[in-house]
């Protein structure tokens, strides 16, 4: 199979979808991204990489960042983290307050917003400068020292992130945030504002396909932990569409409202597609379709 | 790896758990099953089978039956089935009415009770005698013509299944049941009352590990459909514990309140463990642990 | 103040509303009632009665009947009834399952459907023939021996009342119904199918305005109990519009989807208006407006 | 009837309850109030006042203040206020986020916290200095120029009011707050921190019993508006216990977690009882009982 040809064909095939999604408008700085962008990149455990379309253009990774903060927090805190955050799909939108209230401030999983706030809070207990640690971690995984926070996006989220502020204050009220709400949200808004390309993200996520070892061979987590993070992605990684996306794509995936979506084929490769237009569940319309086409064409699937 | 030795060791290792679960008591006929039973069986795509403990003793398969009715309904109705039932984890107990009301009578997935009622209703539109079709299907899959409905259990469920009756009447009120409530429930209570052993179930589920082909080589569904049923099991197969069980076990699984749990390792094998004592989420305490030990010992996982 | 003139003026004034409501269509037998009907009647503690429009035409009293079964059950069971049903407004539609599940089968109040099922169940424990007792009670209150169940309406509800059947089965599952679901629903569907006119209902409800004494002077309940039933009507009598209707009308009221609404001015009078067209909350559009005009014109209000 | 004797007898009778309630501990400054305090005061439309117990001791009026901000906002904004806040009982705790999310940021009524935030926001659009206006209004109503904000309590709420902050940020996210969250909450935390005695509050609420005229004869609102505010209190004034309290007390009432509860007998009198120990619904245990005894002894009731 010619991976480059597969990616190029997918790029052409999803083109009609690019105008059909809806670019996230609740963060003003994201609204400006042109809707016609599409990129796709693959990194394999053998060290090969392929890319097509706008695969080198940095975009706001948004919730894909939850993969990286979760990995860091698990390294620092270990399995005790699960006392403060669950491992179940939410059956609700990513920013819902309802379930959080019924379940007394224990977020359903680390990939919904409230869960990510708790992960940040846990990380802060071990790291005096979590933002520096996080960006270094991501740069090392991707092998790209130029990766940085987009301060304009972070500021935009801070100024308009009332719903995240509602969630974090609720967690605080329920006793599940130890640090100040504003300090936690500052880290959270910055992690969402990391700018990376499809090529960066495919490479950065490779450790999940590679038994816990990064692209450069360094051990990131144990093989067992990598499997368990993949399992979490499979059941919880794409908001309230995790079931449908597992059904259609068949591999663990994590998406963000910036339009990025990362998938993992354990033992084989990591893949990232990007297109800013979103479907109603908040996942990239063309990005999800691209991963669906990729797994269908290559026959790759965990199932 | 000596599979028989692995199974025997697991059987010994879970013994202390047998007294710790809680046998389902809301169906009087189930309550009588001794809590100290435990069986485990494996069927491989190469045709081998292994078993340990009470692996030949029939038990009430309960919700594991939802795998078989779903497979039949997909064959009869095709993908149109998804207009009437979703593919998302519910984030709620298996018999909750709450989400069903908020979502206007479209059950979240075919593995919660309301979803299974809709599956039965869809099947009834194509099959004048759904109970005969179902039992023949299960017998053929398992290669065991002695498999039968346990009429005592079916009658017990009919007499006490008020919550299922509430769900089905609600579906009817919302226009998502075409047949009479009692007719649908009669099929549903019977499907739950099928009596099979671990060895039967491992063999019957093998088509999901085997690209859609049954143990005897007959095509049951296409390879793509088998993958998609596995994806559904992974995200929705174990009630409101699907995330946690994916995290711990790492393979698609479907459980029942009779204490059975079936797992699938695509391309390799199907496994079934049984023990009547349940955890708080309604899954077999020792059964889940047995599958967890099995995947840990063998290194088998989809992730 | 000339009460007859007030009623006639209201009858003329609400005419434009008669075409704007929506006749209940979920019970086929109700759908046939002409939308242009409107009646209004007043009965005073001094023994006077006034009527205007179609005030002598019998209609299906539906949920207004909950007043009468509650009164009977309180006489039989006393305050112990409140162990099985609450006294709080529901903040939800009259037939919602959601709250009932969150609150484990204790209905919020006796005026939502599930609450009325529990009231019937309580009554059945004391009355071998509850339907005979109920119709005699209503006839005596109204002083009209011709009042009867409309069997066609009762049969229609029985055949289509899937949502009520869902609620009652859920109550049974939660252990809050002692009698068989079908037996309880038979009484419930019949109570809803009592046919009475505005004049009948105003007279029948007079005991609530009259310190617990019926129009003929007979003691029905104590003065304190009459007050407490009025308080319940005020907070819970008009489904999820109780606050708005208290705000607009200012007196305790109980409505039904047949288009009837009964109001009580303690110490003064009972009033009933009827028009089949309903608003979105399930209350009579013209009926609510008629009571609003009546209290505004007469200055009568409990507040 | 000797009102003074009735009040003194009630004071003696509720004494055993004083140790049984639970002083609000989520606002540190409130926790310090001794649990054995009890006061009661009555102000009549004829100008008489009676008091017993600690009726002259100022306490934190907390949610009772919602009566005063609502009255001010209705004067400034008129009935348009109801486009932003409902008039229905919530069927939920006073600080729940659940219903607010389901109903897209329109609070159920002005007496739950989120509703009071919207009322403050509406008031701020008309009043450059809402805190000065509010305290002057309350002083004039009570005829006591010494009434003041307790800055220590306001600061304590500001430092710990995470749940209110969650609610206000959610309202902001839904577009139902025009001013900055912190500015709205500053007013809100101050209104809750007004310190008044039972005698102050009975006199301040008298306009609601007196056709809209204050104790000194000044017109506060129209007679119709006073009635409608009373209706709102009746259905929504005591959190998720409004139905039960209407049932037991029989008059409109508004309570606060500081232990105060104000009741209104239209055309007759206003009453205020205070005791810091709360029941599970957040109402004063002895205060509610005191009002219940008062209406029972005097036969006063709106029903």
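Chains here go by letter, A, B, C and D, matching the order in which they are written, and residues are numbered from 1 within each.
To be clear about the criterion, a residue touches a chain if its C-beta (ideal position, glycine included) is under 8 Å from a C-beta of that chain, and two chains touch if they have at least 3 such contacts.
Note that this is a predicted model, so its numbers are computed, not measured.
S.K.: Could you pull out the chain whose C-alpha mean position is farthest off from that of subunit A?
M.R.: C
S.K.: Distance-wise, how many Å sit between the C-alpha centres of subunit B and subunit D, to the nearest whole number?
M.R.: Whole-Å distance between the two chain centres: 55.
S.K.: Which whole number of Å gives the spacing of the CA centres of subunit A and subunit B?
M.R.: 32
S.K.: Go ahead and note the Å separation of the Cα centroids belonging to subunit B and subunit C.
M.R.: A distance of 46 Å separates the two centres.
S.K.: Where does subunit B touch two or more other chains at once, residue-wise?
M.R.: In subunit B, no residue touches two or more other chains.
S.K.: What topology does the chain touch graph have (line, ring, star, complete, other)?
M.R.: If you draw each chain as a dot and join those that touch, you get a single closed ring.
S.K.: Dump the list of chain pairs that touch, please.
M.R.: Pairs flagged as touching, ordered by label: A-B, A-D, B-C, C-D.
S.K.: List the residues on subunit A that touch subunit D in their complex, please.
M.R.: 96-98, 100-102, 162-163, 165-167, 169-170, 172-173, 181
S.K.: How about subunit D: which of its residues touch subunit C in the complex?
M.R.: Touching subunit C: residues 86-92, 99, 108-109, 226-228, 230-232, 234-236, 240-244, 246-247, 250, 252, 266, 301-303 of subunit D.
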